[in-house]
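A, B, C and D label the chains in the order they appear, each numbered from 1.
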């Protein structure tokens, strides 16, 4: 059985300089309590893998505002001028990956694949420095897997084994990241007794989850 | 809205020589009514992509018994001596793919990937004729995507949009194949009004499903 | 009728009943308003849902937004999924149409819509996958920006994908990129051919008879 | 106690409480019977479920079987998934242990278990992924087949994976493949060292003190 830890205990385990995946899409489905605690504990030099950096003052944007991050791997930063400012000022390294490619790279990391071949980005700026592989006369980019030390994810429900269920568009990158990190910390809205999520409705099996915290944030 | 067709109508659309994916694992989660109708209509020269050929007289084994198949792409044939006999007699071509690789190849076909890199099978017989790709000093096999003309799959429930839900270990290859074929025919146990499967519980969205038939087989 | 409404109404006519359509954020989102509900069009948002519809006012849920982070509603029969599946639908050729905004389109039909080097680096988000993977790509954009033509001889900004887009719809014209170049198909309401030529920095193929949009 | 029970009981001791374990079909399935229920071990079946347990007699469901097609039960807290996810768990290093049958293991610790060329071609099923991906690979096999040793100098049959397996458990011995060769760790109940050496066709590293299995 996995009993919820406090947000403070869970985040205390993350060293400065860690590579962390954070679920969510423009903050929706992001583990807000965990993010706020990263800021509160003054973590530094993080490498963050996520879809985006949300906005200034919101979700992953809070980590950017606090200068906790030295590198982000994301699909866009258009909604966060502070991310763009730090990038231009060379305070922050930004690696852009097309969104579908980013999802597959995270999945590849979690699924033990050495990479995937995608048509997305061929002959564009996104192809720079990447190997081009031909299969049956068509060209594909070889995109590499992503892994992390920690995944900070958000689920709607968890049972005490850590079986997770996500809600609507708050799912996004969360189940992929649950596979791709050494340590998985999930923030949940609701804890349920084991057996209350039917096997066919479990989105992420509990064996993948290391720590559970109850959400303290108002979404 | 998609109203169920008769098994006869649905199968009549499949020409001899088609490449068809068939869901199921040792017959569990296989569309038995559709398979029986393929035999009844005397289809010939099919290329079948599936996990296995079940047993003689059962599920995909019925197609082998009827000599409907000229080639199978499967992960094992150990439970079906007739498949082995036809292979040795050169009546049937057998391409073996490791099970996890087979699943990823079907997925890659449906997800528009040019292939995947896997450590499985490196330096074994399964590597023959395949490109070896090095990523960060590790060797991986480049495995190619699989696609089909038709996918014949089995679900427990469908609504009238074709949103599908599978049951327990009858899920297996079915949702992957629903993405990887030009035409998707699903055999279901139960039809439900639209809206009866919550969005978070839909395993395969209805936009992927072309035809629905009601199961006539006792599973 | 303002320019954006013209564009949205005209693009709505391109949508086939029962098809799966992705709407980019901003102007493309407006298209949904002009599609007949009885056509049962399935709208996808790439952050993970099919079946967007209805107005959420007073019924907002923090776990249900579009790719721009705006609250949305869903219709009965909706389906939610993760980002890998969402882009599997897109990249795998299951998406009948995507409607995207644009900075520029050139004579080859190449779209630029994700970066102005040295000035604005929003990132490509889902745009590269959408243009590479959708069966039809329709660009929804105003004909000019600050007086500058957006249909141009060659792109000033990096392209989004090497795939030729299928249709450009502005408030002034409907233009179909073809192997031979940009074919002028329709003129905007009240627009003249000379006006379109004047506001376009690319060579257009001009057929004998160019109808006006019927909207 | 017959040979298979010895093997199953000894392997059960290798299983850590709370771990995720895949059991191959046949002999490995027996291992689950000897694991303490209070250890909350999660048993996976690669056809798509975690949480196998309980006896299904009288409660069979046609949609719930193991990889061999036999009816199984599941415990509260089970999770079902598709084949790509199931092998993502395996290949991605999330599986703590796999227990597989074997035809032969050689001095390098390479396993052969999926083909006897020209004679039996069952196919690899999930075996190649399991051996390549699991954190620990344990081979459960009888020490000999029809009088022939199965622990051999070099494989007579094609290998399943180039990864060295972690432990071989037979009714006669526990053998740990290491970089230096096959280390004899334990003797079977009532077995002598001479008997094991006689029934083995490979060089074994023999420590001074070899305990008998405690089962």
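Heads up, the rule we're going with is that contacts are C-beta pairs under 8 Å (C-beta built on N, C-alpha and C of every residue); 3 or more make two chains touch, one makes a residue touch a chain.
All figures in this text were calculated on a predicted structure; none of them were measured in a lab.
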item	value
Set of chains adjacent to chain B and to chain D	A
Distance between chain centroids, defined by C-alpha means - chain A, chain B (Å)	32
Chain B-chain C separation of Cα centroids, rounded to whole Å	35
Centre-to-centre distance between chain C and chain A (centres being mean Cα positions), rounded to whole Å	29
Numbers and ranges of chain C residues touching at least 2 other chains	49, 74, 80-81, 84, 87-88, 90-91, 133
Chain B residues counted as touching two or more neighbouring chains	104, 107, 111-113, 118-119, 166-168, 171, 199-200, 203
Inter-chain touch pairs (all)	A-B, A-C, A-D, B-C, B-D
Interface residues, chain A side, partner chain D - complex	1, 107, 109-113, 159, 161, 163, 179-180, 194-195, 199-200, 202, 205-208
Touch list for chain D against partner chain B, complex	45-49, 61-69, 74, 80-84, 86-88, 90-91, 115, 120-129, 132-133, 158-162
Complex interface listing, chain B residues touching chain D	25-29, 51-52, 54, 74-79, 84, 87, 94, 96, 98-104, 106-107, 118-126, 156, 166-176, 203, 219
Interfacial residue positions of chain C with respect to chain B in the complex	20, 40, 42, 49-51, 74, 76-81, 84, 87-94, 133
For the chain B and chain A complex, residues of the former touching the latter	104, 108, 111-119, 133, 135-136, 138, 140, 142, 144, 165-168, 171, 199-201, 203
